[in-house]
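Have a look at these structures, which come just after this line.
In what comes next, subunit A is part of two complexes: it sits with subunit B in the first one and with subunit C in the second one.
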Partner chain A sequence: MIGPRSWIFQVVVRFAFFIINVFALYLLLRGHNQPGGGFIAGLASAAALILLSLAIGIEALHRLIRVDPVRMAAGGLLLALLSGAGPMLGGAAFLTQFNWHLHDLPLLGELHVGTPLVFDFGVYLVVIGICAKIIFVLVESTEGLPGLVVEEERRYSSPLEEPIEERPAAGKEMGRDAD
Partner chain B sequence: MPPVSLLIAIFFPVLGAALMPALGRRLGPRTGWVALAFAVVSASMVASFIPQAQDAHTHSWPWVPSLGLSLTFLVDGLAVFFGLVVSLMGVLVMLYGTFYLDDHYRDHGRFYSYLLLFMAAMLGTVFAGHLLLLFIFWELTGITSFLLIGFNHETDASRDGARMALLVTSLTGLVMLVGIVLLGQMAGTMELSELLANPPREATGLLNIVMLLVMVGAFGKSAQFPFHFWLPNAMAAPTPVSAYLHSATMVKLGVFLCGRLFPVFQQCEWWMPLLAIVSFGTMLLGAVMAFLAVDLKAMLAYSTVSQLGFLIGYYGMAPARGVDFDYLHILNHVFYKGSLFMVAGIVDHATGTRDIRAVGGLWRRAPLLAVIALIGCATMAGLPGTTGFLSKEYMLKEVFSAFTEHRILGWYALVAIVLTSFIKVAFSARVFHGVFFGPETEAVKHHFHKPPLGMLVPPLLLAAACLLLGLMPSFLGQSLATLEVTGLHNHAHGELHLWHGVTRELLASMALVAGGFLTYAIVYRIHLNDHKIPALLRWDVGFQRGLDGFGRLTKRVTRWLRSDSPLDYLPVMLATLTLVVGGALVRGVGASLFDGTWTLPDALRSMTAGLIIAAVLGVMLLRGWIPQLLCLSVAGFLVSFYYVLYRAPDLAMTQLLVETVTLILVLILLSRFPGSTEQEECLRPLGVGRRLLNVGLSLGVGVLMFTLVAVFSREPPANRVGDLILDRTVPLAAGSNAVNTTLVDFRGLDTLGEIAVLVITTLGCLGLLMRRKRTREEYRAGAKGPAGMGLEQAGLEDQA
Partner chain C sequence: MNAAVLPFLLPLFTGTLTLFLGKPGTARRAFLVASALVQLGVAAWLIAENLAGRPHVLLAGGWASAVGITLVADLLAAIMVALSSLTALAAVLFTCFESRPRLEHPLRLPLVQFMVAGINLAFLTGDLFNLFVAFEIMLIASYALLTLEADDWDIKQAYPYLAINLVGSTLFICAAGLAYGLFGTLNFAGIITRAADMSGDPRILVLALLLLVVFGTKAGLFPLYYWLPNSYPILPAALAGLYSGMLTKVGVYVLLRMFATVLPHDLSGVHQLIAWLAGLTMVLAVMGALSRNFIRGILSFHILSQIGFMALAIGLFTPLSIAACIFYVIHHIIVKASLFLVGGVATVLNRTDDLDRMGHLWRGTPWVGIVFLCQGLSLAGIPPLSGFWGKYLIIVEGLRAGEYILIGASLVASLLTLLSMLKIWLAAFWSEPEGVAVRVDDWRWRPLLGVVGGLTVLSLGIGFGAEAVMQVALRAAQAALDQPGYVELVLGAGGKGGG
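Take a look at the complex of A and B:
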């Protein structure tokens, strides 16, 4: 965002960023039994990203996150899809979920794990990836920068098309033997 | 012979089609040899079915059991005959294409990929043993034909021709689908073998309609009137495609369908009049237009239309005991038209033009080519010694006997056939004389280069077949007789003979030949060669105008409904909503709404509601976007407080986070606008009436929503889904958070769909946000090519 950046704000946000993300992971992991889940965790992480972009500036953030967030989102989608397709190998229906309750693990004690977590992690990645991309593009373009870097523009741009009304007049001769 | 060979015949080309693009990049023009190998394997597999073609065999593999759809293939004489035509022509065309598509062409891999795919689709269509399977393959041939016609997609003619072919054939195909489904309902089965064995026995109204619907599909595919106009425009395809799809195989599908369903439809009272009137009319029209055209390929295309008309009409006039010599007529056309198309391609290749006025005198430069063309044209004209002569003799014989049986229709058919034969002789002479005789033109003098010898082999083989089989009629007749099908064919017909003595057919035929030559000689003398097709017959132009007009219409409608001016369309939607739902509510609930007692909620809830009302009032009364947005957000946060009160922590958390993120994003967006926009400088001021309308609509929607909530919350629903999920979340999903188990487990597919939509929407938005689009050249350069940023141009020039 435009405007002078406060040093205190920057330092606080650098700490808060990690705390919020840890909290987001906590939300993600407890999701199956307590309030939480992939979508909420993704939004929390996105809020953390927004804070960070306000504190250190979008260009610095861009340098920090080297991977294109859309790839992250696509990866999340793929993960969710694979976690759904996995059971099909064993003859189960698409998106069958499995849960295990493990007893007497060293250090952790009792642990409840299941495939829904993998699916939820996919959702988490999609939400955070998409939010991050929207933030990048919007903030950059409001700061007068091109919304997408040249490399990305190749990836997302479509070919130039002529509007319909600029085509030559309708009913043009089309056969070859009309002269 | 295990039926696996059938699967190989049909699906081996598909495998080839998948491999071709990769091979094409490496091999270039030599890709054709690999494609040829695939076609040869497929053809040999089809040929292995000849010995068992006397009886019909059905082979079935399960496909979609829930729809009752299986991969059922019916192997009988008709299927094997068409399968042989398709696969052997495929071999010849691949061979021809290897020479035709030289280094001047790009994307060889793509071309052969489409061609092999087409071949597979054709074989699938002719061998299909289930009506729906037949339809699927039928449409697949249309799609591959679209891709092949549009192969040179840089030119307008290719794109227009491809679009026209696709629209005509697929729309008529859809009509056919309706007919097929109805036929399946009437007969109680869609299996062709059962259908042919027990056709529906009622020759009354409904079967006539079904027949009409199915025949629309056949007419569209075979370019019969009134769909005849697409075929000449499909000639924008490379010539191997024209020779293969648009003369020898795909356009014959209509003929094939008539033959396939002949036992079912022959009893219909409309069958004979419909087929005879439409097809013989098309035959005459096509012949006239072929004589008037000047483009070599267009001439051949119109003559194809004409011949297809004859073939379909032949089935139409056939008696109930079965047809006699349909294979002869089909094969004759495949031979001569295939070879003539290939000759036209060679002429185009060698001189750079297909205009018959711009070529001439090729006789001395390419004598072998002239011999091939001579045989082709002689067959087309039906001169003795060729298969064309046999075809014409037997055609005239049947017509002479038919016109005594069916009075008016017989006369009509006779006149049409006689006139067509006459014109056909004339334009056969015109094609041959125009290309190979006369003075050498500029194009020939300057551009001519000798065609490669290998390119002459496929048309030479076809021409040799015309001549040799024409001279050995009994051999031809016996071979074809082995493929005849009970129900379609009359087994009792005699053998083919070259000489019947001096009969009225022979006399008529001689008169026609003499008359045709004379006509061409006269036309040539008085320089009528430069004529063109009158505008009245150019339906393709009209079709194109119609398409353009449709485009303009949709554009106008889109402008009217455009989504960037909600002020225009929102009032309509809101008013409709208020009137329809509100009206239903008044009628359904009415005054009983006010019956019960109304109590105020407790203090905490009342306070929250009051705060929300205050926030909304702030949105309405405050000036300036940022305060308005903040007020709206406050309302949103307060709603999440309601979720807390009703103990829905997941919803509350989601609402809080969504509110936060959207608030920030919208704030960022608003900072994009210049300050003057906020002062409503750009908006046109609204009149008093419009303002009142807006206020009324807002109030109406508000009251409606309030009433709806009041109605629905009066009594709890009898069957609550929520309780069901709450009960089952621990035992079934092993999680105690019902919201989350619903999201990831019970309704996991919904969530998956939603995140997929999220990703797709984002990608679409990114494409739309692009300020600058890449030009076609840049786009074609691929993902690594230069982006459309003007900034980069400087860098590129530096490198160069």
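Take a look at the complex of A and C:
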């Protein structure tokens, strides 16, 4: 296993994971009129995922999130597209935005919401999905694990294709990283 | 109003939804074919609207062209969109008939849709930076498609494609920066208005040259075509048809759009340069074609040689030569795609496309030969096939402009084209070597030939109905050259926030 599997690192990362994601959410929500937005928030969340993968290992992370990153990205793309294409049904131009200023909400007080947030959230999902996919494949190949999990392999690779990474024979990786 | 975005949105939706549909199967294929048909229908409707004098303009989000992104579906853009939808349909059908669903790569058809979305956006956009975005969508999808089913050797061949296109993209973004510094806007209509006041400014010349380098690279003009002839042959036939038909033609279209619509018309030095580069491209590339000994390799060099003809027409820069260029693009996309596809059929029949190990095709499957003959001779420019009319008009315009050397070069290139088509014909169809079998028992060749046959009928129609197609091309050329009309069209769309 790569990465320092020290106790301190693991504990810190487990906390940092949530802090980084809250920060990402903050970036996502303020992005409409201030610096921030879906792209940068997605990068922050993806960075949190990478840290977590270093701390608990890529396989544990796979078991934990269970979502196929490609589908996450595709879902985000679909969401962003729909937020742009939705107004077309009402006769407005593609990508027209609608905003509402809400007053006197319980707990929140004033709130400014609008369809650009849907678009930004779509972008957020696309960025997390793509970053996670790239990083997972890279980490898996450096660890000698197959680049695609079984379920993904069924979905995204051709039956005629040979895997780029050879699956390590049992015992071949023994003795590496004995920390 | 929104119709202008449909050719971009539909393939993007289709590609994304397909990712959720799971493994390739009959239902998924039916969905993709249906979507390709709808896209073709939308494109045909856009052409009809333009012919009725109603070009569509979309201001994204309702923002005026000065602050937002404009999409303009004028006649030229609509024609190009129709051609890309047509070749995409052919690629999808060819993929469907080429292999059983179980053996199809699950990502091939979604990526085709993403690439088509990028290509269509490049045709429709009225904004230089948006054009860059369109190029990136198209190129990233094309990098993935190029290497999707490739082995180690193929990936090595794809490397120059990746490298030179990255350089091209970097130069493109530099050019866009320069344009923004010069004009304070990247909207085409804005650039036209501002450039009118800056006539003779040498910085416009620099921008024009930079754009020529960028789009000349994408189109494959001499001396920037090195990336193409080795990378295209690694594609499977269905995709090779789409790549050869559309990708380089996006470069030609953008050159046309830039020099005819956006940049001032008094850049005669640059036009002359384009014409000479075109002449060199034609002759050198066709010699490259003669040197190859497998079908896809020969055809890949021919793409470049034909790009030379189109660029020569742009370089001559008269209204008639621009119309001839549009006619030539229409003819070339269909013929080139179907030649690659017919090469694919021959490969299915002979199990190889190495000319030394092919043969017997004429006796075994005469219809494949007839289709190849129609399209090959059309490519060489034999009357009354479609290729003849485009070349004829370009040559007439060239003689009028007194460019005798370039016209001579184009005639030599045509002859050599015929020669290399004969090389394929003699080796694959006419020769009957020992030990080569024609696998007519393979169920796939009939439906595959059906797809190519459809394209061939269309290209024969262009040849025999050249008058009608030429009228459409003339109108498209007039609309593309009409700078005040373009500005009026875009600014007339109104929108909020324009100052």
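By definition in this document, the second predicted complex is superposed on the first by the 155 of 179 C-alpha atoms of A that agree within 3 Å, B and C clash if a C-alpha of one lies under 4 Å from a C-alpha of the other, contacts with A are read in each partner's own complex, and residues count from 1 in each chain.
The rule is short, and it goes like this: a residue touches a chain if its C-beta (ideal position, glycine included) is under 8 Å from a C-beta of that chain, and two chains touch if they have at least 3 such contacts.
Nothing here was measured: the structure is a model prediction, and the numbers come from that model.
In the superposition on chain A, A:V22 makes contact with neither subunit B nor subunit C. Of the two partner chains, both subunit B and subunit C are touched by A:Q97. Shared-chain residue A:R155: touches subunit B and subunit C both.
By the touch criterion stated above, A:I65 is placed in contact with neither subunit B nor subunit C.
By the touch criterion defined above, A:V12 lies against neither subunit B nor subunit C after alignment on the C-alpha atoms of chain A.
Looking at the shared chain after the overlay, A:T142 reaches subunit B, while subunit C stays out of its contact range. Judged by the touch definition given at the top, the superposed model places A:C131 against subunit B, while subunit C stays out of reach. Residue by residue along subunit A, subunit B and subunit C are tallied for touches, and B comes out ahead. After overlaying the two complexes on the shared chain, residue contacts for A:L77 are found with subunit B and with subunit C alike. Contacts of subunit A with subunit B, set against its contacts with subunit C after fitting on chain A, overlap at residues 70, 74, 77, 81, 94-95, 97, 154-161. The touching residues of subunit C, when paired with subunit A in their complex, are 1-2, 5, 9, 12-13, 16-17, 19-20, 22-23, 58-62, 102-107, 149.
Within the complex formed with subunit C, the residues of subunit A that make contact are 70-71, 74-75, 77-78, 81, 85, 88, 92-97, 154-161. The residues of subunit B lying in touch with subunit A in their complex are 156-157, 160-161, 232-233, 235, 293-295, 298, 354-355, 532-533, 538, 540-541, 544-545, 548-549, 551-552, 555, 649-650, 653-654, 657-658, 660-661, 664-665, 668-669, 671-672, 733-737, 739-741, 743-745, 748-749, 751-752, 755-756, 758-759, 762-763, 766-767, 769-776, 778-779, 783-785, 787-789, 791-792. The touching residues of subunit A, when paired with subunit B in their complex, are 1-2, 27, 31-40, 43-44, 46-47, 50, 70, 73-74, 76-77, 80-81, 84, 94-95, 97, 99, 101, 112, 114, 116, 119-120, 122-123, 126-127, 130-131, 133-135, 137-139, 141-142, 146-148, 150-161, 164-165, 170-179.
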